[in-house]
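As structure tokens, here come the structures.
Two complexes come next, and they have one chain in common, chain A, joined by chain B in the first and chain C in the second.
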Partner chain A sequence: MEGLMIPYTAERRPDTGVSNGTLGIWLFLASEAMLFGALFSAYALLRTSATNWPVSGRAILGTGNVISMTLALFLLTTLVRRAARAASKGRQLQLLLSAGLALCFLGFKALEYYTKSAQGLLPSSSMFLALFYTLTAFHAAHVLGGLVANLWAARGVWTLDEAVTLGRIKALTLYWMFVDLVWIAILVAFYAL
Partner chain B sequence: MRSDGPAHIGLRTRVLLVVLWVALISLLATPVMACPICFQVEDAQTISGVRAGVIVLMGVTVVVLTAVAAFSIRLWRNEQLNQPDA
Partner chain C sequence: MRVFSTDHKVIGLQYAFTSLAFLLIGFLFILAIRWHLAWPTDALPVVGKLLGETRTVEGILLPEFYLQLGAMHGTLMVFLAIVPLGVGAFGNYLIPLMIGAPDMAFPRLNALSYWLYLAGGLVMMVGFFLPGGAAQSGWTSYPPLADIASMGQTAWLGGLFLLATSSMVGSVNTIVTIVQLRTPGMTFMRMPFFIWAQLVTAFLLLLAFPPLQAAAVLQVMDRVAGTSFFLPTGLVVSEQVLKNVGGGSPILWQHLFWFLGHPEVYVLILPAFGIVSEVIRNITRKPLWGYRAMVGSAVFIGFMSFIVWAHHMFLTGMGPTMGAFFQVTTMIISVPSVIIVTALLLSLYGGSIRFTVPGLFALAFLPMFGLGGLTGLPLGLAATDIPLHDTYYVIGHFHYLVAPGTLFALFAGIYYWFPRVTGRRMNDLLGQLHFWGSLIAMNGIFFPMFLQGLAGMNRRLYDGGRSYQLFDSFGGSFTGQAWSAVLLGVVQIFFIVNLFMSLRRGKTAGGNPWQSDSLEWKAS
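Let's turn to the complex of A and B:
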């Protein structure tokens, strides 16, 4: 028995002008934007009305880990973008490498949480830290989701059509760019402002 | 056949019950003040905090809804272009 073929998974639909996969990822990102919008709205509310807020977030959080995490995240996105243009073998390697970088990011994040909590800097310590842990934990959960998606796309490189794989990589590129954008907003909110 | 349900309570009895109910509620009620964030707040920092939160949330919502509207217009245009001539 032949499997059910879902139309327009990779090719463009004439009415929307995009494939179903692309439309799906845009809708997903719109809902994610609302989620992070609500979190940043809470940040703006609590920060503006807080009676006690640190003068410099960098003094509390440090900058060592954050530079490594930023580099890992940006390199990861570049690799996923480049995977669209690579041959099958290189494509799978780049997807796996980017999944490895996502794992590095999560490792750095876990290390940061561990060192902060060892210093007694817990979410219950201050409003600043409560918001920091909430926003970065949500972001890290998205990095973990992207890691799983990268492995899933890498697994399908050899077994699926070229067009389907390309569609997946394009969706992943959009997703990682969104995750980068949220990370930049977090950097600005907690390290720059 | 006549059943003993609430539908057969007379109008006068119903009005009396409602009046009694309202009187009871009025007697038992205690004053309720509006949330201080929205009503006569004296802390200016809280007001500016709520204002900042609303502005951020409105900003994100406007961006997302603008994108949805732009996509809807694109769909409508595509539909117009692909319509066969009548």
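Let's turn to the complex of A and C:
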């Protein structure tokens, strides 16, 4: 059925007011919200019933890496957002740059996991660390997914219709904003509270 | 026909044949169990000696293997057979045809969802070849047992993760297709009820599966990385205190599991309602009675199904306040189901009913589903659930919903749309034999379960309760159930022969053999 055109892939359907991609990404994010909602519910339940929870998460985790990671994440989201407004050459550059920043984020994350586990701070050491590793790994997997999607969208800049690329960038922007939101929740849950 | 096709019809058929294969495997598992329960000290005929020493002794099932068969029967039937058949196969094949769309909205994601489903199923099945065998902690995989079970449980969790991803991709696709690709003029309230049922189902899968996916990863962490999400402090296993840090909660798993598990019940039943409504509309030769009420009920079921999950957990000591809340929501959610069944029943009134094979399956669905639904009410109330919990009564209840309920609807759908797919009809006599045989056999298997359960028989007893004097009089019921299961197996041969024979030799059907007025018969 390659020959048949699927309607509303890039343009809006008049009566629903959205394109397929826009509706799709919102539904996907709803599903993702349930995923992280469940993880943070587990966090809340296990933390409230925990007998030994560290007084300060920051004291265990340190704050050096986390500032770099936060900056990388927020900067890359801004770049993806701006890619929609740039001319097509700059658009590709910005998508690739933001993919590079995602790679930096993952690098920092890997380094953090490595140094922590070298100090003997493992998922099996305490409930706090178990939750920390699991939730941040879930988040990092989403950064990796976004990285791949960025590269995929960058590849399409030259070959595809502009409307399709713009739709993808719009979806990517929403996705990265969601990833940022989860990151903020992680900061609050493990560093602030 | 390409293997890696993005055509919704090809993917629909891939889903159909894969899920039917899993359905057969799941049935063979339980056939072995039924035989064992009837004659626990006799060798399993034919296959008993072939299964190897890790699974049987002199052809008799070992307790470990008995548990694997039970756990994998439930898993296969729910996750790999009934849901993919109702949603993946019927949904994929029929939704675009019924709403006048060229294909699903995201054809490549559609293919991805099928291949993830197949991979998930195979990963789960690989467990049988790992040391210690497949998952054996029930289809619900409750910790702490599941946390410390053999490697097959990790395979189960990995497979579940893939299945959840598959269903997320598939449900996004279904919702976008239905909302965006309806042909001009087909407003929401003009969509066939089948489409509404698929739409609500897709929302349930989209929002209810992720929590279980998260839980699966947490359980993998417990098993592989040594965390204690579901392990309490000081757990004693085989007279040894576990060395984990503890502080976890087994109840957390139950919450996350049933948050999917209960909407999953409606994921099973809603597509069945959809199929039965189409078949009944066809055999009565008139519109459905109460279409708007049915649509409203389906949507209401969708919302309510997210706030009833803890009625599976009355025994965890949740306390009267929580218990009261979940009892009330459970009683409320039974109302829209009753409305849908009543509307279907009233749709028969005044119709000139044609007793075709799909029609028979659809008609039998109504009382069978009714029996399953009504026997569920005592389980939704804590006071009566507590003695009935984990007895055969529960098994009887949900098998009436899923086997002569949902599965009958799916058979109706297969007989009904077979000519649409192949241009040929299935054989009528073989279909009649399949129907009557299945109806008798299923009641023969499931009805005694109510009596066994009311007597207090636990669902997991390896010897069928023979070590308890209380159950002395129940030996005969197990024998009857075993022969009913054999009969059920025999009549399925009629179905399998019919399916494959009719592909090539069936009577040619013409474009519209049932004289239907709905869109899928008009589209090319």
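The working rule: the second predicted complex is superposed on the first by the 189 of 193 C-alpha atoms of A that agree within 3 Å, B and C clash if a C-alpha of one lies under 4 Å from a C-alpha of the other, contacts with A are read in each partner's own complex, and residues count from 1 in each chain.
Keep this in mind: a contact is a pair of C-beta atoms (placed from the backbone, for glycine too) under 8 Å apart; a residue touches a chain by one contact, two chains touch by 3 or more.
Because the structure is a prediction, the values reported are computed rather than measured.
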Touching partner for A:F105 - first (chain B), second (chain C), both, neither: neither
Which superposed partner A:G37 touches (first chain B, second chain C, both, neither): both
Which of chain B and chain C A:F132 touches, first, second, both or neither: neither
Chain B or chain C, by number of chain A residues touched: C
Partner chain(s) touched by A:T48 [first = chain B, second = chain C, both, neither]: first
Chain B versus chain C as contact partner of A:W176, first or second or both or neither: neither
Touching partner for A:G17 - first (chain B), second (chain C), both, neither: first
Touching partner for A:F190 - first (chain B), second (chain C), both, neither: neither
Contacts on chain A seen with chain B and repeated with chain C across the two complexes: 16, 30, 34, 36-38, 41-42, 45-46, 49-51
Residue ranges of chain A touching chain B (in the complex, touch as defined): 14-17, 26, 30, 33-34, 36-38, 40-51
Touch list for chain B against partner chain A, complex: 43, 45-46, 48-57, 59-61, 63-64, 67-68, 71, 74-75, 78-79, 82
Footprint of chain C on chain A - complex, ascending: 1-2, 4-9, 13, 16, 18-20, 23-24, 27-28, 30-32, 34-39, 41-42, 45-46, 49-52, 122-127, 130, 133-134, 138
Residues on chain C engaged by chain A in the complex (per definition of touch): 6-8, 101-103, 105-107, 168, 171-173, 175-176, 179-181, 206-211, 213-215, 217-218, 221, 225-229, 233, 244-245, 247-249, 252, 256, 259
